[in-house]
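There are two complexes below, and they share chain A, which is joined by chain B in the first and by chain C in the second.
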Partner chain A sequence: MYINGMASIAAQTEEDLFAGDLKSFQQNIFPATIVNYKEYIKPMMLRRMSKAIKMGLVAAKQALNEAGVEVPDSIIVGTGEGCKQDTEKFLENILDENESFLTPTAFIQSTHNTVGGQIALDLKCTGYNMTYTQNSVSFESALIDAKLQFAEDPDTRCILVGGVDELAKTSTPFYNLDGQLKAGEINTTQILQSESGGTITSEGAAFFLLSEIRTQDSFAEISDCMIYREISEEKLQEEISWFLKKNDLKPEDLDAVILGNNGDKRFDHYYHQLQDTIFKNTLQLGYKNWVGDYNTVTAYACWLGAEILKRNEIPQQLKLNNLDVKQPKSILIYNQYLGKNHSLTLLRSL
Partner chain B sequence: MPIMTDLHTELKASIIEQLNLEDMEVSDIENDEPLFGDGLGLDSIDALELIVLLEKDYGIKLTDPKKGREIFESINKMADFIEANRTK
Partner chain C sequence: MSRSVAVTGMGIFSAIGKDLEENHSSLIHGKHGLSTPEILETIHQKLPIGEIKATNTNLAKSLNLDESHAFTRAALLGTIALKEAVKNAKIKDFTNIGFVNGTSVGGMDMTERFYREYENDETNRRFIQAQHPGFTTEQIAGYFGINNYVTTISTACSSAANAIMMGARLIKSGRLDRVVVGGTDCLSRFTLNGFNSLMIYSEDFPKPFDAERKGLNLGEAAAYLVLESAELAENKEILAYVSGYGNANDAFHQTASSENGEGAYLAMQKALKTAKLNPHQIDYINAHGTATQNNDLSESRALIRTFKEMPAFSSTKSFTGHTLAAAGGIEAVFSLLAIKHQQIYPNLNFESVINETKLEPATELKSAKIDHVLSNSFGFGGNCTSLIFSKNG
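Moving on to the complex of A and B:
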């Protein structure tokens, strides 16, 4: 699948990423950057939208704009937790009003498929519209569906695929309760050296306009994507080698790997063992210490990898080792969360 | 010419808050301005919100939603209907 347009909204801006001016945070939960949503969404529509919808719709429109496409044939969205802000609003209404006088807006917009629906309404796209919710492989599930759609339907020329998740004031801090987030004083730049469990979290949206046939606007290719619900550390290396082999590559052929290290000592060993073995001589990049970890952060990783291929430029602050690459051609993204939902996504330049 | 009452102002403030009409002030809504369509631009989801607002704030249960079209025509119409039917 070829990428013809893409956009991302996260805790760091694209400008800061490539200018080497990424910012650190002192808390374990931090928001995405402020975007002037009014530039893209009419005020009467904007007033009801939670952050996930706003981020998703704007990233979708920017991706379409870059690709020069007004309406895609299909819309496929991955979201781990959907519209949490409206879910909270609706639940608060139930409590505040003693289960009566419930207004419809928050309920309507609390479902996971709201972002996909709102994008379709805005674009007046009546094509296939699907939302995947599968924890930290929600975005990858959407990617695989896009691949299947292209394979099964010859009339599908372009598909809008994205990942989006938002913070919410009550439910996001629940992650403190089961140790998913780091406790105590945090400086996000230090987390990858952390000796404790837990990570940091944030929010974001990244969307891609994909086509099966290369067009004049294509600038990178998503060659393959695999999901493993569970896999042992021993089997992981073997699976990665097999995954690369079926794409005519060996580990040493990769120009860079984008790894999901998030500072959680309990599970970062999945990355460390790859860093010390098959990817020892490959440029290693980490990003979660800058944009946080959330269910669809791999959509950001995919955007990051494609942006590196497009610019031929490596954001220096993301480097986990001292290797360098002048003209990256193949990039592998590997991710897991809490030792589950492992995913491999292969990007190639054109 | 209908008289501007506290109810008119209260209704405008409630509508702005309930319908998230960001960047809008009470003074921006005219008493006789259509709330739907070319006027304020409210839509069918807003109509459902207004039905809940009538019941919650004024104790008026709208049994026939079709009547909403007439009642929610403008702030003046809403205020008249509320004055005539309110139970709280």
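Moving on to the complex of A and C:
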């Protein structure tokens, strides 16, 4: 599948990323950067929209613009936690008002498929429309669906695929209570060396306009994607080798790996063992210490990898080891969250 | 590339029965499962719901879960239904099996129960992640040790139908040889109050496709199918084949369906196309038929646009209530039962036709030759999905 357009909204801007000017944070929860949503969405509509809808819709429109496509054939969205803001708004109303005097606005925008539905509505796109919500493999499930669709339907020319997740004022801080987030003083620049459990979180959206046939706008390729609900460290190495082999590659052929290290001592060993073995001589990049960890942060990783291939440029602040690459051609993204829902995604330059 | 997709097992748990046999018996005896709430704690004590009369404690006991388990109600119902499906398909080894689960409510039952407790009480913090659909899928997959391709589809009321479609596509493409598909959703105050605040919740039993319909009634259920490539299923009893599927978006409104049912029409057209069938070859339609003013009129118009001559049709939501994400799963099971027993199941509570469309659903159990069944599931966000099940591959 070829990428013809893409856009990302996250806690860091594209400019800062490639200027080596990434920001650090002192909190374990930090928001996405401010975007001028008004450029893309009418003020009347904007007022009713939660952050996930805004970020998703704008990233989708930017990706379509870049590819010069008005309406895609299909829309496939991954979101681990969907529209949490509207969900907690309606839920708090139920609890506060004891199930009385409720208005439905927040309820109708609370389902996990709201972003996918709103994009279809905005674009008047009656094509295939799907939403995956499997924790940290939500975005990858969407990619696999797109890949299947191109293979089975010759009429499908282009598919909009994206990942989106938002913060919410009560439900996100709950992650302080169940060990998902780091306790104590936080300095995001230090978290990958952390000796404690938990991570930092944020929000974002990244969307891609994909085509099966290479066009003049294509700038990178998503070659393959796999997901695993559970996998042992030993089996993981085998699977990576098998996955690469099926794409005519060996681990040493990769120019870079984008790893999901998030500073959670309990689970980062999945990455460390790969860093010390099969990827020892490969450029290793980490990004979650800059943009936080959330269910669809791998959509950001995918955007990052494609941007690297497009620019032939490595953002130096992301380097986890001291290797260098001049002309990156193939990049593997590996991710897991809390030791579950692992994914492998292979990107290639054109 | 094009491999047939065989259904080799199914399992169901709904308000009209804890397994296939009980569900079938209720369908043929016209016995619905709507009642007032007994398990769900709500102030709406008079609203009819399709409630499964078993507490979480008893459901967990029947699965031998220890007390520290983190199963949501949807996970409990789902595990029980999935157990029946895999038993039915004689599956003992879960190494190379995929799982595509449809759920929309997910673990909202736990979130709404503990939301105000989490801060000061440690006891139930293992349910903090339960709010999101993937958590419920995880519990079910973990119970059986399904470890590879596991994902969740959450497209509101078309979730399970989309899961069945995705499973069929995974097999057709050769990506998987065997996959469990379907969905689960439980009742919650969140959804009950949501639909009630939309003023589309019926205070009486639902009357799908009736001129005097007053809205929907929610239900809870879980149902799963085991899909296998025809080669793998060679020596097994094959219940039917997933022959067609279509997914489209109405692109009209976040919750309401368009006047002419464009999304529904497109989904049915695509399903007929993938099944390589003409409309007249469909013998029975298990309609979406929620009994809201909007859906039933819009769906009727889409049906009229698709079928010059209407096949027999009914909405079995008059038995079970609208089970949201699970609806496409339980209605797939009812469609397969229709093929297995060569029967058309009635649409309960129907009295008079909708004036604009004049479609008359089947109101009594009927024997009929049934080779192909079409099942519709539509949801919030304009998500529309149609599936076709066929007796022969």
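Here is the rule we go by: the second predicted complex is superposed on the first by the 350 of 350 C-alpha atoms of A that agree within 3 Å, B and C clash if a C-alpha of one lies under 4 Å from a C-alpha of the other, contacts with A are read in each partner's own complex, and residues count from 1 in each chain.
Going forward, contacts are C-beta pairs under 8 Å (C-beta built on N, C-alpha and C of every residue); 3 or more make two chains touch, one makes a residue touch a chain.
What you see is a predicted model, and the numbers here were worked out from it, not measured in a lab.
In the superposition on chain A, A:46 makes contact with chain B only, while chain C stays out of contact range. Contacts of A:28 after superposition on the shared chain: neither chain B nor chain C is touched. In the overlay built on the shared chain, the residue A:118 is in contact with chain C alone; chain B does not reach it. After overlaying the two complexes on the shared chain, residue contacts for A:199 are found with neither chain B nor chain C.
Of the two partner chains placed by the overlay, neither chain B nor chain C lies in contact with A:188.
When the two complexes are superposed, the chain touching more residues of chain A, out of chain B and chain C, is C.
When both complexes are overlaid on chain A, the residue A:177 reaches chain C alone and has no touch with chain B.
Within the superposed three-chain model, A:261 lies out of touch with both chain B and chain C [touch as defined at top]. Residues 102-104, 108 of chain A lie in contact with chain B in one complex and with chain C in the other. Across the complex, chain B meets chain A through its residues 18-23, 41, 43, 45, 48-49, 52, 55-56. Within the complex formed with chain A, the residues of chain C that make contact are 1, 42-44, 104, 111-112, 115-116, 118-119, 122, 125-126, 128-129, 131-135, 137-138, 141, 146-156, 162, 166, 169-170, 172-173, 175, 189-190, 193-194, 196-198, 247-255, 262-263, 266, 379-383. On the chain A side of its complex with chain C, the touching residues are 75, 80-82, 84, 87, 90-92, 94-95, 98-100, 102-104, 107-114, 116-118, 120-121, 123-135, 137-138, 141, 144-145, 148, 151-152, 170-171, 174-175, 177-178, 180, 227-231, 295, 340-341. Partner chain B is touched in their complex by these residues of chain A: 43-44, 46-48, 97, 101-105, 108.
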